[in-house]
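Each of the next two complexes has chain A plus one other chain: chain B in the first, chain C in the second.
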Partner chain A sequence: MVRNRVLLVLLLAGLLAAPSLAFLTLAPNRLVSGAPISLGAALHGEALILLLPAVLLALGVFLPQRRALHALTAAAAAGFLLLLVRLAGSEAALLAQTAPPVARISLGGAFWVLLIIAALALSDALRRLAVPAPAGVLLGAVVVGALGLLLLSGALDSLAIVREYAARRTAFAAAILRHAAMVALALLPTVLLGLPLGVLARRREALAAWLFPLLNVVQTIPSIALFGVLLAPLSGLAGHFPALARFGIGGVGVLPAVIALILYALLPVTRNTSEGLAGVSPAALEAGRGLGMTPRQLLWRVELPLALPVILSGLRIAALQTIGLAAVAALIGAGGLGAIMFQGLFADALDLVLLGVLPIILMALAANVLFDLGLGRLRRLRR
Partner chain B sequence: MRARLRDPLLWTSLALVALVLALPRSKPLFAALFPGLERPLFELDDFAALLAGHLLLVGASSGAAVLLGLGAGIFVTRAAGAEFRGLVETIITIGQTFPPVAVLAVAVPVIGFGFDPAFIALLLYGLLPIVDTTIAGLAGVPAPLREAARGMGMGEGAILCKLELPLAAPVILAGVRSSVIINVGTATVASTVGARTLGLPIIIGLNGANPAYILQGAVPVALLAIVLDLAFGRLLAMLQPPRYSMPNS
Partner chain C sequence: MIEFEHVTKRYGASAVVENLSLAVAGGEFCVIIGTSGAGKSTALKMINQLVSPSEGRVRVNGEDVRLAPPAALRRRIGYVIQSIGLFPHWTVARNIGAVPELIGWSKRRIRARAAELLTLLKLAPDAFLDRYPHELSVGQQQRVGIARALAADQDILLMDEPFGALDPITREALQAEIAEIQRASRKTVVFVTHDMDEALRLGSRIAVMDRGRLVQAATPLELLTAPASDFVRDLVGRDDLGVKLLGLATVASRLRAGVPAPGEPIAAGASLRRALSRMVAEGRDRLGVVDGDGRPLGAIHLADLLRR
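So, the complex of A and B:
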């Protein structure tokens, strides 16, 4: 008797993917595509312990659905995830002993599919347990922290992605800093400009009538096109006034990227500020006026605090969008994690692509979680 | 007639067509604008073919995304699929934090260069807003309306096709719109992975420090995105139920 169909579908997908896709691939060098190593071939000796959480997950499909079972399912999913990563590391170390030193041992499709399935099973079990959001985030952080410890312990050192990291440690740290700096350099002016613009647009309809359609058009323009269009005049400017180039106002680089990122991020911030202010109830405004507040006090003490959740969701959209678009800015020479990603793309090296992509995704997920927690706290305070 | 002439959709579309036809003959213009360039005009490929390739990639991926996204959205809002709704919503929330370029970059080493990885990446990423708005649109249909339809003897299929989907259509279309606009942008970057799109002059111009090439790709692709956005705006306006003015009471 099937009692949890979501878990059943996830397990079936895993059973389908595990034998048909490679768990690891072993390539004698960077130019040759790798030979697949299946999960079955990697499961021997100590590694068989991976089957324990798998069996527990299978039990979760058929046993009566109680809280204790959901907790067990969550623990089994987290355990499976960590054991899977450890198995990939230990099997890679085993393969590396007999392989030539330039051999590349990469994570295969089966690894990624099983990793995602385990993460989804974990999130579904937590939802069934009705775990509150902050506790869920904490659990997620514990799993990520355990993965980090695994990485630091050296257990994953034979995997190609870790080797790529080791080979460019300083460049990688610089890329993360550059990426974060670009995001911060874009978001700060966006907030300083977007908030007053949003307030003004709410006050003057004539401004809103042309500002929002204009920002909307900017938003539809593909990022690479806007980067390119900004690049030409800025490089022309630097060509005519060489002094400017010394201040970084060259064509290629961070400045055109940051200008484009600000232009993109302005719409969500400005629109949500304006919409948030529009949503403030007339009764609250009336009460404020009754207390003798000046329009300025009304704005700072009544309107903006009440509009804050809507403004924050606009800022969340802007932040996520900026983190992603900053990757494209690598194409105009702005550097950052996108540079590592495109370098891997042009060299057809998936491990290098992932080394650039994974931190971008982690950054976006972290920003998303922070905004979630902030908005959740705000909502609880209101109650 | 006058209103027709001022229609922004009409003149931006005409501008796009005129631009693509005029670009191959514009060599003297760009030679005058950029006197320092050895090759002031992008001649490695035909602009009309690049526009067609761009439209084909976006059309094929967004078309497939609409079919799959509608299917998934309808499934999880039925009684049979309700259990999967939380899972699908988690995938959408997490998936939307992934940058579209990242999806593209990961697809290439797995699938290879060319049209296919771009198609797969655009399809996967384009799915998310469509599933999202399909669920929101269908969930937004008031339950009493559904009850009334059932009371009138309508079957589940008829309720879906004649009541729920028409009422949810504006919300779903808004999702399709953002999906298509994102895909136009990702398809531009997809020329880095060998797809034949309007991004090609931009990428080659960036690599060769040729600002003329960059402009020749960027302006048509920006115009294309604006035309498509305006077209969806028009479609959305047509779908909105006509507003009846309430008699003054």
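So, the complex of A and C:
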């Protein structure tokens, strides 16, 4: 008798992916595509312990759904996730003993599918447990921390992605910082500009009539094209005033990238600010005016606080979009994690691509969680 | 003291209020009544400058309202609306304290005032001060809305169909309370409604508006006995005119002092309409009359109801 359909679907997907996709791939060098190694081949000796959490997860599908079972399922999912990563590391180390030094042992499709399934099973179990959001975030941080410890312990050193990381340790750290700096440099002016613009657009229809279509058009321009459009005027500017170039103002580099990111992020922030204000109850507005609030007092005391949830969702969209788009900025020499990603793409080194992409995904997830916490807090205060 | 002097408000070509002249004396409870679209709400909003007249002048305490900064003017005038409009992100205490906060009262004084007003409006301060509006029933919300309008103890109170969205029982209770508050504080109240019973019950004077024009401004008794036009007559209602007249006077005004009467007595403060209703329902032609503490005062007979 099936009692947890979500878990059943996840398990079936896992059972389908595990035998049909490669768990690891072993390539003699970077240029040759690798030979697949299945999960079955990797499951031997003490690695068989991976089956224990898998069986526990299967029990979770059929047993009566109680809190204790959900807690067990959560623990099993977290255990499966960590054991899976450890197995990939230990199997890679085993393969590396017999393979030539230039051989590349990469993570295969089955690994990624099972990893995602374990993460989904974990979050579903936490949802069923009705764990409060901050505690859920803490548990997630514990799992990520355990993965970090696994990485630091050297257990994963034979994997190609870790090797790529080891070879560019300093460049990688610099890329993360550069990426985060670009996001911050773009988001701060976006907020400072977008909030007042959104308020103004709500007040003056004439402004809204051309501002939003313009920002919408900007959104439809592909990012590379927008970088290109900015290249000409900015390099012209730097050509006319060589002094500017010394401050890093030119057609390529961080400045045009940040300008483009701001142009993209303005739409969600401005539009949501304007829409949030439009959604404020007319009764509260009439009461505020009738009681004697000046337009400014009405804005700060009534309109903005009531529009805040909508404004924050706009900021969330802007933040996630900027974190992703900043990767493309590497194409005009802005650096960041995109630089690592493109380096990998051009060299046909998938592990290097992943090394650039994984931190971007983690950054986006972290930003998303932060906004979730903020919005959740807001809702609890209000409702 | 509120004066409308030949006030007209136009939106485009159509006049919503046309050549309105009306003076509301200090301490008066003035009800503006009319069908929807009569311009009564627009007239009210011209007092606190939420609407500006196209022509003419509105004066509050002798001063043209257009000369004062709108925000400062409105803080001196209490305002209650049908849609209540409590600020959903503020507690009851902060909602009530909205105007005192704007004019710089201390936190402690605001909270004490909020508690005092909640008590006046029959909500327990301890239970309600820190609640949020969405946790309250609509009736409780409008009590808070009234408390908010009274917070800074303004001399003037504007009420725009404040009880229109309430159920009959809550409406009646709040009518009694606002009447009592006005009696005790001698505030000048301008009250907009389309409900004639409400107008007769509350108003010391009733201004009838029809399509932007003032048709008649008179005491409830004058309105019932000498309607200025067929429109007023219809608005008052032809069928139950007599019953409405009885509603304007109390049992005390027709008391036969010292005369005993059997059966369940009626309070001296009750309306004659209520006395008639009791007599009809109980099949009796006389009722004993008692004062507020239940002491017998005398009796009232059916024939007394016909005395003018």
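The criterion applied here is as follows: the second predicted complex is superposed on the first by the 375 of 383 C-alpha atoms of A that agree within 3 Å, B and C clash if a C-alpha of one lies under 4 Å from a C-alpha of the other, contacts with A are read in each partner's own complex, and residues count from 1 in each chain.
To be clear about the criterion, a contact is a pair of C-beta atoms (placed from the backbone, for glycine too) under 8 Å apart; a residue touches a chain by one contact, two chains touch by 3 or more.
Since this is a predicted model, take the numbers as computed values, not measurements.
Of the two partner chains placed by superposition, only chain B is touched by A:M341; chain C is not. Once the two complexes are overlaid on the shared chain, A:R127 sits against chain B while remaining clear of chain C.
Legend: residue contacts after superposition of the two complexes on their common chain; A:R3 is shown touching neither chain B nor chain C.
Of the two partners chain B and chain C, more residues of chain A are touched by B. Of the two partner chains, neither chain B nor chain C is touched by A:R377.
Shared-chain residue A:R67: touches no atom of chain B or chain C. Residue overlap on chain A between its contacts with chain B in one complex and with chain C in the other: absent. Within the complex formed with chain A, the residues of chain C that make contact are 48, 50, 70-76, 79, 81, 83-89, 98-99, 102, 132, 134, 145, 148-149, 158.
Chain A contributes residues 281-294, 297, 301-302, 305-306, 381-383 to its touches with chain C in the complex.
Contact residues of chain A toward chain B in the complex are 5-6, 9, 109, 120, 123-124, 127, 216-217, 219-226, 228-229, 231-232, 235-236, 251-252, 320, 323-325, 327-328, 331-332, 338, 341-342, 344-346, 348-350, 353-354, 356-357, 360-361, 364-365, 367-368.
Per the touch definition, chain B reaches chain A in the complex via residues 83-84, 86-87, 90-91, 93-94, 96-102, 105-106, 108-110, 181, 184-186, 188-189, 192-193, 199, 202-203, 205-206, 209, 211, 214-215, 217-219, 221-222, 225-226, 228-229.
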